[in-house]
Every structure is written in structure tokens, then in C-alpha cells.
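Let me give you the structure first, and then I'll get to my questions.
Every chain is named by a letter (A, B, C, D and E) in the order it is written, and numbering of its residues begins at 1.
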């Protein structure tokens, strides 16, 4: 008792420290630190052959220190060093007008908008299909195999045709790109929700039967809440894939703007640092989107009385 | 054994004409991974309107299965059964019955009051009526004050009571109850027994009741069905001569003890061949 | 309206009605059930193909935009050796190996995260970060690191399949009920015992979700990765090359192989799921 | 004004400066045209866009146009602004390659999408099988950058004089570190950026007229770009939505592109013939199997002058 | 009340010296979304080695919570508790007890025999031993023949018995049983009561037993703890004067009925303030 009283003041005086130790901050920082270290090591390792070649071509004397320094500052490294990437991101976000086409945020926004549109349509479509599959035997038997087959079609191969066809019927702009996202993201939702809608226990379904509940009532009062854990897990995967889809979808539309266009342009001109910064922006976007879904999940599950 | 035929008459006379459940040669066999399990065989039984029928029998003898067949949750593999003169399915569609399951089976994502309101929502009661009924039935089972709790925050017995409240919240003419009071202590059980009898007398419901307690069966029922173990058969039907009005201390009366003894013997006979 | 189109639409209507009727049949014998399980999707698929053929012919769509199924079939049977070589390169090497490593890594990471609260707080947010490393950005880098042959494709597949497995396993590991965990606690069961005897079985439905999703993702990943540099064999290589040559029928032949292989792969995972999670309500209801 | 949609073969860069200049300087407007320019990329087959109705006219290379024609999409060359080919094969000198005969046993990286055909006919001329054997060469499909050469994953790679070549130089290899083989010098050149439309559209005199005005304005743009390379490069940069291009690279590219331009938009039939011959002898699976007919017309380019 | 002090002595004398559970001023308050719930308050209780202690009290009074505290499944918020002289956690790590939960809680992916073998696998019994013990305990609860069935293929009572078998399969000195026989019929219950008493007498185990049945509590226990409703307190401790050897018909003896009456009164008093 007294011991607790003694420690209490120290606890309250350094809330920042406590948050760091007990919260996520410190672990993330440490894990991040380890990753950075490994990254730097690889930077030197992967860029060294080219650098040594360069020294030999220029016939300069070099030391290990030179090598380490120079491998971290190449113009087109095999693996750019973290600070190069950070500097590039800084330069192309904060260092540039927000409306400029050279601003990474501008491209991130373009990609984000089609990601979100595609994700929303994809999730809705996925849920609808799952509902159909769970409620209609003919659909269960016939549609599911073809939904699966549809996912094995390499999207990048057909995306150009899809875009061309959509263009031909007058659809252009955001929607065709978003549809590529939809195409990729509806699948995890279908798989997850079919499982989720079927997860109620037999006795729970029996209970609804005794009330002679209609299909819709059984759905809304039993199947839907029972499937929510599956829904959120699926949505996390779907939103991440949706972003991949949006980036893929940018290519056949002429790759004019968006993170995908940045990636490709970086790749054509061998600008590794630009590729990596676009890659990081995309990954950060994904982390945020997945995080947002996670927050939604926690809020909904808390309201549904999940045992903490 | 009909020590008091007059009273017996009174308990069942208004109903004889109107059968609620009629089973003829009913049988049910489950197919399992290691061969068929015969759960029910050759059950002939008629339950009339207003009767209170208890089922008693060794564990695994098919009591639950029989209630489930009445409720159209299980399809018999032999014989036939009618509920209110209809097939079980038609009867279910008309919401002919309320069912209390052996396990509480509350939805974990609903609070207690939401759980009790579930059938009311489904049957389209108004919000106000829902509220009033939830309140009343939770009171009845002594759960006032726990409306906003989630099931896992309740003790086993409290969950069981919530599930009873759920079945009582709407007005079905036929109540099927599978060991509703199994997890309750004697005092609460006595209280709920009284309440149930009162409800039954007041509303003229027909009740099918599974229990393991011989005194409970005798105290509540107009008829007690004793079943034998696998395959479940009806081995004995005991008609209770007790009056409709039953104070708790009727349980010390000689008639009561006599019937209890008969049930016990029937049960023991059933266990013999287990 | 022209006859090809009308015919196709009529066929569709008829097939749909037939399927509705077939689905309502409730055969008792197991072989009849299995036959229905194949017949119904087959009819559905044939319908799709007929409508497709009808559309292409009816609207006179240019063959470089959409090839009729009949032409695809003709190409398919005439190019078996090429298709087989591509299939070996892409599916048997890149997809299967990448899938195994990617799913394995996601699974093990989930366990590590579960085992250590420190990692749970530190690594999971970073796991989200990896989740959407876009394939287009990663594929060229992998080619740069691992060369032109299948290892670089397998690396892309690993990255793509990692996250779905991670998320699903982490979620699945929370799926066991509190009472069951209490039971294991009373046995003073060790972490690993609880994991293997309770939490993993309870997580199996989630893990299989990931295995299913990944089975198709892996294929997409491997094929797309081949767009960024390959030796001159592989399904992705063929697709991108033949598009340039306007051999759209060959493109669709490869796609058909991909769809077939992917569906079989998925089907195999689903069978395994049925065998292992037979106890889950979603399986019991049939 | 009449609408025209132009589909490019590749992303926005100085390779297409003429069209951007014509639009920017109002040359199209002068001809009463409203032109939309759609950039391309590795995933865009311009022929598909044309066939799908997404564009009226496209920039494409003759090999892929002829392939499309044989596959049933009747595209027709209406103008040929590029008279010369910019395609080369760049090798690292340290591999010991000095002449094409030294390709034996080496790894060559090439783009596909139809670009492999000139290489294939070159190799069959050299009598080198493409099976990866000791006596042949190993072919690899490379992405659209020069990393495979820099990382020593390939001994030689295809490169355009105006683009990839300079990327190799920028990466730190000097002219002395590499050997360059020009396709033109090797006699396997094929005609590059030309303008193509669908054949049946040419039935319509109004369309022909519109295209004539389009070609005229475009050539005006090209001439302007040749004379003002810096300004032209800036105009290209302004039109680059990715914001990834650099001024230095585009200016230099414009300079190289200028060397490839012809005097007018007329297709040179001798060069056409050479392209067709190269393609017909493309080895085991030639890109076209028979002499194409009606694959070009002078009608539009004549009218444009 | 100690009508038969000599016998009483015999029932508890060898154990007085060795406490298995010692609770002092124990309290537990749950924090819930709508305020704290006091489940236990001020519980002082010592259970000695070899005792058979029953807990009885109204539904929701904290019986399960108390067992869970002993088992280290719940942390008390006040007071202290020792198990075998150790903290509950240390005791749990030493596998000091077996626990039968109020709900059966069988794993759906295991057959009945695999479920019963679960603790044996965890505690590292040999395959042969596992087999022998599973066989023996399933026999004990009358489930022979159901080894290969899955839980959902069993009736409620059968599942309950399987879970009892699971707890009996390994040798814990302390058995904590939460209404183990709630879902069983009287005959099976009597049978299992006898078996349990026999086991207890033979092995000298200490048993903590929650039940709602007064006769069961009296029949089985050396001591009966009567608890009051929320917050759960010990309101009465009744030491049984019955001999260790107890035939079933002891339940008709006057001593038995007298104790039962005392328990009933204690319970009723507790219900008063509910």
C-alpha cells in the first residue's frame, strides 16, 4: 500500500516518460532503430561494388571510410541510404509548393482518392456478394469459383484493356482507376465475410428460427454482428490491397500523376531515391489507412461489449 | 394412483378436446462419423391445450431432441408430428411457441436488455412496448439493475435467467423450456417456479418443460413424461392429481411424495438398462 | 438486335433458370451431391463464355480488344509446350516458393508479435507499413537485388503475401474464448502448449482466410513482377510480350491457365481447410 | 474547332516535343483544331486505344503497327516525322565486346513490346541462335531503365540515343567505358515514331482533311522545336504531370531528337522497305509473315504540305 | 448444533493443522462500463487439507468469483489469499488444482476422448497412461462409447460429464468444482455424488464445490459455506456432523434434514436483502 503511494508522485510527474515506456513510442523507436542500422549496413554492402568500380575507373586511392561515406551518397544507388530518402521526401513535400506537380503530397492525394473510392466500392461489393453467397444456394455454388478465378487473372495484364474498354463507353477519370482497386479489394472481403456470415453457432441460428425471424432479421441481428470481427480484418487487408490497385491502375491511364506514376518515372530514369521516397509515401499511406480501420475496429468492438 | 380424480379432471378437462402437440410413432436417428445414433424411437404423445407437461429422463435420452422436433429445429426420420394441427414448420412460421434453450445462448454483442428485446424487435413490437416488456420480464427474473451489462459480466445463473426472460417477453401460447432452472439456486428456483405456475394459470399457456429435478416436475406439471435412454422412448406417463392452485408447501403433502416416488421408480427403471 | 447477341442472352436466361432449379435439388447420396457441386459452377462458367462469345461477335469487337473464347481455346491447344514452360517458371517456382515463405514469415511474425508485448507494440505498426509496398515499386528493386530469374519474383510474392497472413493470424490468435483460455491457465499450461492446443486451432479459420486470399495474390504478384525484367520465359513475360505483338489470343490463353491454376490452388487450400476446421460452424452448416 | 485525340507511345518527354509545342504555341488552334494529347507508358498499347476508339491518331513504331495490321487492326501510316532510328545496343567495354560477332556467349537485354524484332533479325543475320548456348546469346527482357547494364546483370542493353544512352553516361560510365552499336549502321533499322490512323476512317474526306491539318501543325511544331530546343524542353516539362523529369535531361534529349527528324512528314519508301525486310526475316517467329499492303498512304502528308 | 461432536471431529481432525486455502479480508470489485460491481467483500475463510467444502448462495453472489480467485483466474482487489501457503499464481504454476467450470467448455475440434486427454497431454503423461486414464474417467461418468464423438454431438448433460471427466483425469490435490452436476438428472447425479465421495475418501483430496442443491451440499460436505448476495460475504458456516461413510439413504436421517433446514434458513436470510 505504502509502496504504491510512494511511487505515485514519480509516476505523475513524468507522464511523457511513462507513456514512452508503457505505450508504443519506445518499442517503435527501438524497432525502427534496429531496422535503420540494418538498412545502413545493407546500403554500404549493396552499393560498394559499384563504388569500388568507380574508384578503379578514376584510379583514385580509397579507404574504408571513403567507401562508407561515398556509398551513402551515390546518385543512383542500388539501395539509397535512409537519410537520402528522408531528404528527398522532405524536399518533395515540405520543400515544394503544395499544388505543384513536383510535390509528393499532390501525388499521394491523387492515389489516395482513387484508393478510397475503390475501397468503398470494393468493400460494398464484397459484402453484397457474400450476402448473396450465404443466402442463395445457386450463387454459393456457381459464383464463388468464378470469383476466385477472377482473382487469378493478372490485373496488370488486363488493366489496360479494362481502361480502354471503359474509355470506349465514356468512363474516364477517377472511376476506371478506382475500379482496379475495387477489383483487387473486393476479394478479401468476400472470403472473410462469407466465413463471418457463417460463423454464428448452430444454437444461435436455432434461436432465430424459433422466432421465425425473416432472412433479413437473421442477417441484421445475428449474422452481421457475428461477422464484424471478420469484416474488420478483411477491411485491413482490403484497404492495403486497394492502394496497390490504385497504383497499378495509374499505369494504363498514362501514368501521368499519382504515386504509381512517380514510381514508374523514377524507374525509367533510374532515380532510385525517387522510387524509394514514393515507395515510402505509399507505405505510410497504407499504414495510416490500416491504422484508421484498426481504430474503427476498436471503437465498434468496444461498443459491442468485447471483453477487454 | 389417481388418488384425487376430481381434481385431476379439473386440471385437464378444458383441454382434452384441443391437442397442441400430437406425435405418432415419432423417431429420429442422427448420422454421425462413427455410425447412426438413435435419439428417439416410437414416441406417441399428445399434449393438449393448457397442459403443463414435464419431460424427465436420464441424460442423453432425447428430451432436448424431442423439444427440438416440436420446434421444427430437427427433422424426424420416422413417424409424424403435428403442432396446433399444422406441421412443425407451419407452426413455427406462425410463431406458435417460445423456446428456452438448455444453454443460455445470449448474444455476446448485446446488453442484457437488448438480448431480451431481441424477439420483440423481430416480431415488430413498438419501442415503448419493448421497453415495458423488457422491464417487466427482467423484474420477474430478478435481474433489474443489470439491463446495461453484457452477458460475460453476469454469473451463470444470471445468464440463464436472462434467457428465460427473453422467452417470456413475448406471448406465445406454447412454451418449450429445456432445463430452464438448472443453474439456479433453490430459493430463486422456488420463486421462479411459483411465477411460472402463476403465469400458466393466468394465461392458459401450454408448457413443455424438461427438468432433471423430480420435485420440480411434480410440483409444476399436470403430466410427467418419463423417458428411457437411447433410443429415447416414453416409458411412463404420470398424470398429476394435484390441484391447479399449488402453494409451495404442497411439496410436503403425501400425494406429492407419492407421485415423486413413482417418477423416481420410472427413472430408475430406465437407468437399469443403461 | 442481332442474332448472336440475342442467342447469348437467351442462353444466359435459360442457364440461370436451370441452375436455380439444380441448386434447389437436395440429393441424398454423396456422389450426386458432388456432381451437383461441379455441375452448377460449370454451367455458370459456360454461360459466361457463351455470353462473352456472343458479345464479341454481336458487337463485332476488334480482336485486339477482346478475343472470343473459341479463338482462345484454339490458341491454347496449339501452344501447349510454351504454356507448360511458362507455367513451370512462374507457378511451380516463383509462386509456390514465394507463397510458402511469405505465408510462413507472416505467420511466424504474428507469433513473435503475440509472444512479446514489446514487439506487439513495436513491430505491428511497422507491419502495416509493409502491407502496401506497391508491387510496381518493389518489383524493379527485387530484380535489381535478386536478378532476372525466379528468385526476384518469389521475393515479390513474399512481400505480397506477408501482410494478409500477419493480420489474419494476429486476429485469429485473439479468437479463442476467455473461458477456454482460463481452462488452460488452470493447467498451468505453458505459452506454447496453450498456443498449439487452444489458440492455433481457434485461429485456424482466420489463418485459412489468409491462405486463400494469398493463393490468388501470389499468382498476381509473380505474373506482374515478370513485367519488370525476366528471362524470356514465364506467364507474365508472355502476357506482356504478346500484348505488344497484338497476339491477344495468346494473352488470354495465359490468363486462362493462370485462372485455372489459381482456382485449383485455391481449391486445394479450401479442401485442406475443410479437413482441418471441420468443427467450425461455417463448415458444419455445410 | 475540330477535336483530335493523339495517343503517344511513351510518357511525356522530348521525344514528343513537336506535338506539345504545336499545342502550346497555338499551331493547332491556327488550324482550327482542339488537340488532346494522351501520354503512353509500358502498359499502353496505342493500337488498342486506337481500336477501342480512345484516340483518333497515334504515335507508334512501324514494327508494332505492321504486326497489328496483320492481326486484323488495319492501321495506316499517314505521316512519318522521324526519318532515322535512334535505337542502339550499348555494351560495357570490359566484357570484351568490340564488334557484333563478339555477342557470342553474352547476355543481351532488350525491351520487348515489339522492340525485340529488329534485334532478332540482326542476330539471325549474324547467325547467332538465341538459345543461351555457348555459341549463341542469352536474351533477357529488361525493364525500361539501364540498371541491368550498370549492375552487370547484362552485358549489353538496348538504348535510345536520346534517352537511355545518356542515363548510362549520367550514371558515371564514360564514353570510353562503353561500346555503342547503332541499328542503322548494322542495317537493321526500323522506322520509329510515325502517325497512324484506322484505315476505314480515311474513307471520310472530312477526316482526311482534319488529319492533314493536324500533320501540318504538328510538323510546324517539330520545326519550331528543332530550332528552339531549350524552349521546347521547357514546354515538355510544363506538360509533365509526374513532375519527375529534369530540365537537363530533356534539353539534351531534344538535341538528340532533332537529329532524327526528317525534313517533312512524308514516309520514305526505301526506309519502309528496309523495315519490312528486317521484320520478315526475324528468325523462327517473324513478326509479320507476308508483305503488308496499304500500310501507308501519302494522301494526308501530301495534303499537309 | 453439533449433534454428534465425535463424528464431526473424525471428519476434520486429520486436517486442521494444514490449511490449503486461507483467505483474509478478501474483496473483489469489477469495474464495468456503468460503474463498479462488488462481487466479494471481506471474505475470511480457511479450508484445510482433506476437507470437502461446499459453497451455496443465491445466483450472482460471488461463488464462481471466489473459486476463480483461488484458481488465480481473477485478482482480488482487497485482502489476501494463500493456496498451499503460496500465492494463487505460484500454486497454479505448480498445478495444485483441477477446475470444473460452470459451462462445459469443451474444444469443438477435439473428440470427447481428446478433450479429456488435454490436461494429460499438457502435464506430460505418457501415451499409455493417457489412454488408461481417459478410459477410466469416461467410464466413471458413464460416457463409455462416446469417445470418438465431437462435443456438438452430445447432449448438454453429457458435455457436462465430459468436462468433469477432464478435471478428474489428472491427480490434483485440490479440486474446484463449479456446479458440476447442474445439468444432470437425479439418478446420474446420485451416482456421481457417490463416486465423488468415494474418490474423496480414497484420495484425501481437498474439494471446493459450488452447488445450488441443498441436499447435495449437505450430503457431500464436511463444511457448508452460505454466502449472501452482492457483495458476496460468508454469512454462515455449517459444519456437518455426518460420518465420512455416507450411504445415499443418510439423506433421510434426522441429522441430515436438520442441517439441510439450517442451510435453507441461511440461504433465505441472504435472499431477504436481495
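To be clear about the criterion, a residue touches a chain if its C-beta (ideal position, glycine included) is under 8 Å from a C-beta of that chain, and two chains touch if they have at least 3 such contacts.
Computed from a prediction, not measured in an experiment: that's the story for all the values here.
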Steps needed, at minimum, to go from chain B to chain C via contacts: 2
Any chain in contact with chain A as well as chain B: none
Taking each chain's C-alpha mean as its centre, the one farthest from chain E: D
Chain pair whose interface holds the most contacting C-beta pairs: A-C
Between chain A and chain E, centroid-to-centroid distance (C-alpha), Å: 52
Where chain B and chain E are represented by their mean Cα positions, the distance between them in whole Å: 28
Centroid spacing, where centroids are CA-atom means, of chain A and chain C in whole angstrom: 19
Residues of chain C touching at least two other chains: 65, 140, 144, 178, 227-228, 240, 243, 280, 284
Residue numbers of chain A (touch at least two other chains): 78, 156, 160-161, 164-165, 201-202, 251, 264, 267, 305, 307
Where chain D touches two or more other chains at once, by residue number: 42, 45, 48, 52, 143, 145, 147, 151
Those chain pairs that satisfy the touch definition: A-B, A-C, A-D, B-E, C-D, C-E
Complex contact set, residues of chain A against chain D: 50, 54, 57, 75-76, 78, 100-103, 106-107, 156, 159-161, 164-165, 167-168, 251-252, 254-257, 261-262, 264-271, 274
Chain B residues within the chain E interface of the complex: 30, 32-34, 37, 56-60, 64, 102-103, 142, 148-149, 153-158, 160-161, 178-179, 182-189, 212-214, 264, 267-268, 271, 274
Complex contacts: residues of chain A adjacent to chain C: 23-24, 27-32, 35, 46, 78, 136-138, 140-146, 148-158, 160-161, 164-165, 184, 187-188, 191-192, 194-195, 198-202, 205, 229-230, 233-234, 236-237, 240-241, 243-244, 247-248, 251, 259-260, 263-264, 267, 275, 278-279, 282-287, 289-291, 307
Of chain E, residues touching chain C in the complex: 68, 71-73, 92-95, 97-99, 101, 103, 105, 107-109, 118-119, 121-123, 150, 152
For the chain C and chain E complex, residues of the former touching the latter: 177, 179-180, 182-190, 193, 197-198, 201, 204, 277-280, 284
